[in-house]
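Presented below are the structures under discussion, each in the form of structure tokens.
What follows is a pair of complexes built around chain A, which joins chain B in one and chain C in the other.
Our next item is the complex of A and B:
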């Protein structure tokens, strides 16, 4: 080892992260800046319409500040119950279908033909946004919560199977190897070597998906898939902002409650 | 009795890990497998219970050929070969008892293991083994709540719960401190002698191996370069296994470790004296 004599005043700079050449760094960064300025400049803002919108927003906010829970309470109630039923059923059914698909899609435990099929199902389910799928299922099954239930189950599969499969692929292999070394069969390896490692995350993801499904149930109601979204849509179309405000407040409350509850459960199962 | 005949393993990456390894292990014999890292020790013992597939050659346990088995035949063979792992490889989130009972997975149907309804005989055996390895008080603790030495004891109990006819041990002491390492090695060798169980122990600590095993096999670059009693392992043999430079370095490290341990003991002694002086 050659000893370097200590010298004062040696300079040090953090090495650049992405672009090594100093010149290119300047060219690219300033190019991005110029583009941003031009892009913002090209926006045509019609201030008259903004002004009109502000007026409408005022009425909105006025409505939200005096939410009306009473006038259409039975409709709100029905919408809420429908949404919750839809959410819970879709989440349960979704999980039940996702778990086998997720196991089948994991590279380290499933043979490749099974994996290809499962990955394909996941890809189809993830390809479209909830609303697009909801429109399709409303067209198939007609208006109402059944279409919503099918939509949410379907999108749950894409979400949960993929994350479960990724999680299974990241397990500590030595635990599964040790289980295999005892002469365990495939199901036993999954039950002993894999399941204990992914269970906490699976429960956490399922609770998170319950959250998401409730929020989505409000959105897909707007395209006719039933639930509180349908009630909200009707209220908006009637310019009934007081009721709409009440519905939004209830949705916020429920989402908050679900969030609070699920974070508690997740902490408890760790 | 275990017989390994001209075992050859070439990985897809081109590494020639084992080059025609042959030897026989008699009943009740504890064999220490030593060699530099990358010599093929891990590959060799994994080829025996087919966690790794060998490319050529044969492995026979009690005159039954293991290589070439598949499906349920392979599983029935595996359940008779206990394995103990380097980083314990316990299922961390399961309890100590579940880990030990998992040694019976090859014997019980899926529903029993799934519902954790093992036959009473298996449970009795598990309790007896936990007694034997000194973990009676930790039956229902989760495996990740135990210390390293305790975990390895669970690993030993799991392997013995299989009623094995052969024990494969992969670097059992690699993540343990010197004192615990000696305890674990002693325990493994004791149970092997109690049960007349043949064992192959991968171990990188030469002096620890010499202390406990009956026979040493030295592996270098996938070939057996030494096979004999621990006393026969002289300077020349070790140089043959590890190469001149590495062996000298290992010895130097060993001496340094010993000095460190002495220093630590001396420090501990003076500290105790001081504490007594205060009290």
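Our next item is the complex of A and C:
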């Protein structure tokens, strides 16, 4: 806003927020409007079914407010144990595999043929969501937590290797250079010049991934990969909303605990 | 980095003895935890199925190739539903997330004692439950269909948009707010001229980012009955029509890549 003197007949107008050209603004806004009309128009909602569902919604909210931890406690317990063990195993194995791949995908320390292969592995692992990969692994390994473990390990690779590789590419080169100047070989450069620089962030990312893996372990059970998601799915199929409410509360609590725990440890490390 | 003096000269090691022990103890703890988890996890694993996996994978591959490309004709309408689910869900989620974020931000909340904790709880609860689980619940309540998907996406988006937006609000430059207030502006005017313009670019970026994630998530909501392309995926899986599944996966991949590209473009244009 320039300091224009208040001239009669001229008022300050607020500049438009996003699109400066008036024509384009109108075109885009009306396009959005047309889309919204079409999209809402193509919705098919069976209001009778929705109305009938309200009674269920009531029961569900009741189940959430007065959750039933006891009746199916053995199944809830087993689902939780499966989820937690799946998370731990998948995170450990996933990290163990993604560290070499991450190193191989970093531009500054890996030769290009290795880098292309590693970047391709990362791209494949990141392309699909956990649940799609879980469907394939359940078909291959059969139902149960082992398929979930493989799924989570696989998706951990895409996440962790990519971030690790990006991190290695951003290190302070002078430290690696200094190590190289002492006559260090490739392994020694990685060990003394690169690793100390990326280690705090690697630990932070691993904890973050542990947290994500637990969340995902609650979901992939829906397609048969074991864990608390399978228990939740069973409870919903039985219309056992009290147990479902209990499971949801447990998931929320554990996710919150994992998030606070991992963010505290991350702060403490960095 | 410690240096110990020995008769034959100084010896450099990377860590002190205590650090060395702590590091070993840490690794040992992780290893023990892993071994225990592995044993517990695999109590019911049938290893013959696992050994059989490579053969199963080969079998799967031979069934899913070549893809039945003619099936793609059945997928355009579900794809349209999927896009609508993501977009309308993002829209509703945004509308609900904005007031939540303003209630949750320390500098704009009307009451620190009551509304702020409530808003924060809403954000945490929405964030910790995946949209697929939201969809599972809503399909039971509202019946199968795209409406359940829209609401599931919206409920999940509240937490994401709310959290990032309230952090952006808390990080604004207070001096601009002060300047607007000094002109004698009321509460709403301060919000409109002092706070909103500062968070608007962040808000637009967050929303587009979430829309992109929502496209990704809405492709699979149909697995629990919430409509869209996932419903076709579910029915193809149920009849083991893997050559159709390949087509669906390919279409999902293309959709996700396109939406990622669009959201990237829009975000760089805004910010």
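By our rule, the second predicted complex is superposed on the first by the 214 of 270 C-alpha atoms of A that agree within 3 Å, B and C clash if a C-alpha of one lies under 4 Å from a C-alpha of the other, contacts with A are read in each partner's own complex, and residues count from 1 in each chain.
Going forward, a contact is a pair of C-beta atoms (placed from the backbone, for glycine too) under 8 Å apart; a residue touches a chain by one contact, two chains touch by 3 or more.
Since the model is a prediction, treat every value here as computed from it, not as a measurement.
Peer 1: So in the superposed three-chain picture, is A:197 touching just chain B, just chain C, both, or none of them (first/second/both/neither)?
Peer 2: A:197 sits against chain B, while chain C stays out of touch.
Peer 1: First (chain B), second (chain C), both or neither: which does A:248 touch?
Peer 2: A:248 contacts chain C only, not chain B.
Peer 1: Check the residue A:223 against both partner chains and state whether it touches chain B (first), chain C (second), both, or neither.
Peer 2: A:223: touches chain C, not chain B.
Peer 1: Counting only touches as set out at the top, which of chain B and chain C does A:140 meet: first, second, both, neither?
Peer 2: second
Peer 1: Give one of first, second, both or neither to describe whether A:77 is in contact with chain B, with chain C, with both, or with none.
Peer 2: A:77 contacts neither chain B nor chain C.
Peer 1: Who touches more of chain A, chain B or chain C?
Peer 2: Of chain B and chain C, more residues of chain A lie in contact with C.
Peer 1: Identify the partner contact of A:69: answer first if only chain B is touched, second if only chain C is, both if each is, neither if none is.
Peer 2: A:69 contacts neither chain B nor chain C.
Peer 1: Which chain A residues contact chain B in one complex and chain C in the other?
Peer 2: On chain A, the residues that contact chain B in one structure and chain C in the other are 192.
Peer 1: Which chain A residues qualify as touching chain C in the complex?
Peer 2: These residues of chain A touch chain C: 17-18, 35, 39-40, 42-46, 49-50, 52-54, 56-57, 60, 81-82, 84-86, 88-89, 92, 127-129, 131-132, 135-136, 139-142, 144-146, 149, 192, 215-216, 218-219, 222-223, 229, 232-233, 236, 239, 244, 248, 251-252, 255-256, 259.
Peer 1: Contact residues on chain A for chain B in the complex?
Peer 2: Per the touch definition, chain A meets chain B at residues 172, 174-175, 177-185, 187-188, 191-193, 196-197, 199-200.
Peer 1: Please name which positions on chain B make contact with chain A in the complex.
Peer 2: 49, 51, 75-81, 83, 85, 87, 89-94, 98, 102-107, 110, 113-114, 155, 158, 162
Peer 1: Using the touch definition from the top, list the residues of chain C that touch chain A in their complex.
Peer 2: Answer in residue numbers: 14, 30, 33-34, 37-38, 40-42, 44-46, 49-50, 53, 56-57, 60, 80-81, 84, 87-88, 124-125, 127-130, 132-133, 136-137, 140-143, 145-147, 197, 200, 204, 216-217, 219-220, 223-224, 237, 249, 252-253, 256, 270.
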